[in-house]
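Common to both upcoming complexes is chain A, partnered first by chain B, then by chain C.
Up next is the complex of A and B:
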């Protein structure tokens, strides 16, 4: 720790930081634009000026940029000194000379860093009468608005987009005061992380376009801590609600998981919540004369209870996109052996194998931000940018770990972005990618191998064997010796090696080979440490569902086929989407009764006897377990209209009526989470994921809405002139209102992230324990899975027999493959067309050409796909799109090409 | 005694003074134009809706009696999808008018709003929107702002230069 002096007062500071970070951390106000904790300093905007003195007797000092000056021992600086304060004031006035008169129609208004800084620097009126420079803005696609007139040339956008996120199509163009930030021509931004520009840009140049037609200011949004439901990474989000509908989603900082960012699937997928496929009332889709009939709550619950009491064998289909609570309630209702997962066999096996591997062996599953610090990465099979986008972003940072450490050895401080980039140049890695088809991470890889899933597993095992001869040998590894040794060496010498795999290859063997590879590193390394092991699982709660246990959907279908099922309760899943319309219809015909609980309508729901309207992630409470094994709590953002409620509450009501006494004790979200924790040792720490409902600050709960929430004496008055009392929340320490404790709550339940003088997302520095560190009072969530350590037994990598058939491999699309986000119009507009992807040689030997139409079949499901030749794809694989254009998931994992006839 | 007589004399004098009260409703008090009464939403000189649904009036309202929802047309022009003022709460403080950056919301000299039912005091946009510009005849926000939104082309606002040519390399 160094002692520094700010305006004559001494403070302790971390000398490895810059003065801007230290000053903000100490709670001072100092304007800045170009610095960002994730991007570092480049000293471009000249806004963070302070005066530095040579010693105690120097009263004149010299102006320096705080973000470019280390917090060195004995540094004496002043924030208030006239020379710096005047410069700051002038700099912002210059920036504003051409700024448009836009705040009222600018979506940044009310949370604009430029507004904040202008006021902070002491301005209230515009003096300039000079004509303003203008630009022609671009159409950047359905997600992001562009209004270049508002730009202050801070360069944050391109630094994030190109350097941090690896995008190519956003650039700084032009010269002198004509600098332009945009694409070379109109068109959607290509990066899966483009939405972060909305928050990174300190002005309203980039705005959230999905919000434009239902725009709401930050001060009018009701918010609660929540978790993204669109993949297994489990990024933290701040969804905002107004008038009973979600208005937007913003990244919620989490010191260990997603940091400051989100992917666009997570940011823009929220509009499924107000899709016209929402189920809002209980239904009997096959009522009188097959006419859908609306049911009262009472009638619906009674019908379900009657089905429960009158059926001999009831099975439940749990959902990897539903919470632990809802799945647990269903599992208790149908019993462990009647509980199935809404996942096809391959996906189910992969998830189970991944969780076993994380629990049995010595490898730890790293949190997202730990992945960023790994310095050697091997990815087996997974196209992370598409299936777990934020994990790909973390690997992008990991690829810079070694080059950055070289720079730091040259004496460059870690925050000095400009100098580090100069030193790093294009150095990346080591990162090794083994995949069936090209991925967006290829550009940073040390080496890329294109292989079939089978060969990827074999190669993983071969590398493992090079590290530890005890790893059983496998026939069929086609990887060259030099390649094997290169990867083995990288894993051995790295400070923090990492192996990544996922369910995207449809191959359990790949999951197991990745575990063996990670574990085997411990044998070759001097420190005996095994590499870290990260899996990308497809759904927000794939891991949680696997921890509860259960059999795959295919077995439920088989049981129904054998006539062993009288009734099926289907939780938040569309069986048609998974197994295909044929098998799903057959299943629902074979079971005498079916009950569907979901928030969106789908063909499966249309065939049920009773459909119950379930709450979405924004309307209910619950826990999800992410791929890392971290349990995280979703808190209801708003209270939905009656009768929408969490699935487990519907199940509880039906169970109580049907005489299942245990449901009585599930009196609230916390009670059922505790019951699940008691029943499943793996979930024992579930209740620790968040503060409990009896948490109070000075006797009060915490408000979900900001203190300047407007319009409550008018908002609902068209319905009734008596203003309604806000609904109560007995399940969390939050209130559905603007009234709550005036004391700042712990970071994990903070809702508005607003501090005096700081209305923009940059207010975050006020809520972190230290800049870039955990939230004040600790980050939320608990890790449920820790490695078992030694001794361990290598996992069995069972390779399928080599076959002349093409191996089906799912082609995952960040936009479109996930069921819920695909209902958001913005995401749907960006979803790719569905093609059967083939290597041209395979296509030639099958006699197929571009655009030929081929049937794909698996387990009674089928689809017709047109062929697209992809020279980069590994020979012997057939890429089948996952979840696009209603193609059943089973086809992507197990589809066979029907050719010839 | 003398005090009592003086008071009576003053009262007597008042009988011949001009009356301060009005025989309302037959006779109405002349109100200054800045008198704060019923609230309207005005139009700009081009006849377009002035309100850009910025929510500043709503947030400045000390009794929270203004609620609205922003939306935009195909050109990106912002306007309120609906706009509601609960006049049974409004205290006619005029803070909304002061906050409004477009001169859309205006308090006008009209106080004759009594109703027998409270719900009649909840005014919707159709009750609030008037046909003219109200007290401020000339101001036109979209001709000052940087956004074009179909009102003009980029660079055509007041005090704006034509759009820069980003491909120019001239110094």
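Up next is the complex of A and C:
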């Protein structure tokens, strides 16, 4: 540690940091614009000026930029010194010359970094009477609003978009006082991470277009710590609610998982919550004369209980997008033998194999921010930008690990982004991508291999064998020796090598080959360490569901086919979407009774006897386990209208009525989580994921809404002149109110992220233990899976027999493949239409051309898809979009082309 | 004429050959196209972007940065009038006025006969010859307002 002096007082500081970071960390106010903890320093905006003195006797000093000055031993600086303070005041005055001052109509107003900094720097009066330069703003698509007139040219948008996220279509146009941040022409921003511009922009140039449709200011939102439900990565989110509906989702900082950012599926998927398809009351879809009939809570629960008591064999279909609690309740209800997963056999096998590999072997699954620090990456099969976007963003940073370390060895401090970029230029990697089709990470890859999933598994195994001869040989590795050796060497010499795979190739062999590859590195390395191993699982709770155990949906369908099922309880799943309308209808016909619990209406629900309205992620409490094996808690953001409640509460009520006594003990969210933790050793640490409901600060709970929350007394005035009592929350340390402890809570249950003088997302520095470090008091969540270590046995990589048929290969779409987010209008507008993607040579040999329509069939499901030619696609594969409307998931995993008629 | 001509391609290729990668040739490629076509229209920008494997957004960022890369039509001859402080002190405002009067077109416009476009330029680096202006590749100065129409006559 170094000793530095700030305005005459000495402090201990980390000399590898810059003074701006140190000053903010110490709790001082110092305005800045272009610096961001994830982007580093470029010294462009000149706003963080301070005065630095040569020694104790130097009283004049010189002005330096805090963000560009290291916290070196003996540094003496002043924030308050007149020369720096005056410069800061003139810099902001100059930046504000053309700013429209339209705060009252600006969506950023009230959480605007520019507002905060203007006040902080003391620019309180506009002297300029010059005309303001104006721009025509662009239509950037359904998710992001653009108002260029508010821009202060800090360049943070393009630095994030181009350099951090790898986008190409947002640029700084023009020069001098006519800089324009935009696209060549109007059109949706192409990056899956564009929504972060809303938070990266210090003012209102980029705003959330979805929020604008139901706008609420930050101080009028109720929020709670939550977890994104739209893929397996488990990013932390702050959803905001008012008047009983979500208004927006913002990234919630997590020091180990998502850091500051979110992908657009996660940011904008929330609007499914207010979709027309929401189920809000219990229903009997096939009531009198097949007319849907609304049921009272009592009637609905009684009907379900009656089904439970009158049926001989009841099975449950658990859901990879439902919480541990709801799945656990269902598993207890139907028994381990009767518990199935709403997942195709391929997806189910991939998830189980991934979990087994993480538990049995020596490789650790890294958190996202650990992935960022890996310095050699091999991706087997997965198109991460589409299936787990934030993991792709982490790999984009990992690709800079080696080039950055080269720069740092030249003496460039790690925070000096301008110098680092100058040194790095276009150097990236090593990153090796083996995939069936082009991906958006190709641009940073050292080498890209296009292969069928089968050949990817074989190649992974061949590289593993090059590292450790103990790895069993496989017939049919179709990879050249030099390529194999190049990758093997990269994994051997790297500090922190990483192997990545996922369920997106529908191949258990790829999952297992990835494990073998990661494990085999330990044999070749001097330090005997195995590479880290990251899997991208498709759903928010794929890992959690796999830890509970259960068989795939296909086996439930087979059991019904054999007449062994009398009733099915289907949790938060649309079986039509997975198995196809034909098989789903058949299944629901074969089981005498079906109960569906879900938030959204779908064809499966329409065929059930009873449909129960389940709380969404924002309306209930529960735990999810992400692909890393980290259990994270979702806390209810708001209390939904009666009778919506968490699925497990519905199940509990029916079970109690039907005489399942154990359900009595599930008195609250924590009680059932504890029961799950007791029953499943793998989940033992589940209750440690968050602070418990009895946590108090100064005897009080923590408010979900800021103390400036307005209009509570009037919100329901049209229903009753008496203000209703706020709903109680017995399940968490939070209150559905703006009234709560005046003491600042630990970061893991902070809701408002506001500090005096800091209203924008930049207030975060006040809530971190150190800049870029964990939240104060520790990040939430708990890792459930740690590697077993040596000895281990290599996993069996079973390759399918070579076949002349094209291998069906899912094409995952960040926008469209996940069923809940696909209901959000903004996401739906960006989702692809159904297609069948072929290599032109395969198409030619089948006599197919662009736009020809082909039938695809699998397991009783079928679809007609129009052909799209992609020269970059591996020959021998047929790309079938995953999870789109009208394409059952089974087809993407197992579809067979019906040609020639 | 959207696609690049073979002459344009040859000149761009010659630049790429001496640079580390194709994208480094983007400024020279735009200058090449401008030499052949006077200015860079949207189609030409698209053709260059495709040729260099850049996005149009990236190339436009470059094209719009340099004020001697023209993204709007110009006349056969471009008149650059020095707009810096030395020339201003030495009376360039009268020269600019005389130029607009002689051309019958404002700065940035193309004269009706397609002959000239006048543009303010900061700066020509010819303070010793201010007020200065440049027509095509020729530097002129000091220029008096009365000289302007005679000067223009030399550029048919």
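Here is the rule we use: the second predicted complex is superposed on the first by the 901 of 901 C-alpha atoms of A that agree within 3 Å, B and C clash if a C-alpha of one lies under 4 Å from a C-alpha of the other, contacts with A are read in each partner's own complex, and residues count from 1 in each chain.
Just so it is clear, a residue touches a chain if its C-beta (ideal position, glycine included) is under 8 Å from a C-beta of that chain, and two chains touch if they have at least 3 such contacts.
Note that the structure is a prediction, hence the values are computed from the model and not measured.
A.B. asks: In the superposed arrangement, does A:168 touch chain B (first), chain C (second), both or neither?
C.D. replies: second
A.B. asks: Figure out whether A:129 sits in contact with chain B (first) or chain C (second), or with both, or with neither.
C.D. replies: After superposition on chain A, A:129 lies in contact with chain B alone.
A.B. asks: First (chain B), second (chain C), both or neither: which does A:184 touch?
C.D. replies: In the superposed model, A:184 contacts chain C only, not chain B.
A.B. asks: Name the chain, either chain B or chain C, that contacts more residues of chain A.
C.D. replies: The partner with more contacted residues on chain A is B.
A.B. asks: Between chain B (first) and chain C (second), which does A:385 come into contact with in this model arrangement: first, second, both, or neither?
C.D. replies: neither
A.B. asks: Could you tell me if A:216 is touching chain B, chain C, both of them or neither one (first, second, both, neither)?
C.D. replies: The answer is first: A:216 touches chain B but not chain C.
A.B. asks: Applying the touch criterion given at the start, work out whether A:708 contacts chain B, chain C, both or neither, answering first, second, both or neither.
C.D. replies: Only chain B; A:708 stays clear of chain C.
A.B. asks: Of the residues on chain A, which ones does chain B touch that chain C also touches?
C.D. replies: Touching chain B in the first complex and chain C in the second, residues 173-175, 180 of chain A appear in both lists.
A.B. asks: For chain A, which residues count as touching chain C in their complex?
C.D. replies: Checking each residue of chain A against chain C gives 168-175, 180, 183-184, 426.
A.B. asks: Using the touch definition up top, name the residues of chain A that touch chain B in the complex.
C.D. replies: Chain A reaches chain B through residues 99-105, 109-110, 129-137, 147, 149-150, 173-178, 180, 212-217, 219-220, 242-243, 708-715, 717-718, 720-721.
A.B. asks: With touch defined as at the start, can you tell me which chain C residues reach chain A in the complex?
C.D. replies: Of all residues in chain C, those touching chain A are 21, 55-58, 60-61, 64-67.
A.B. asks: Can you list the chain B residues touching chain A in their complex?
C.D. replies: Residues 52-56, 58-59, 61, 63-72, 76, 78, 84-86, 88-89, 101-102, 118-119, 121-122, 124, 141, 144-147, 149, 154-155, 157, 159-169, 171.
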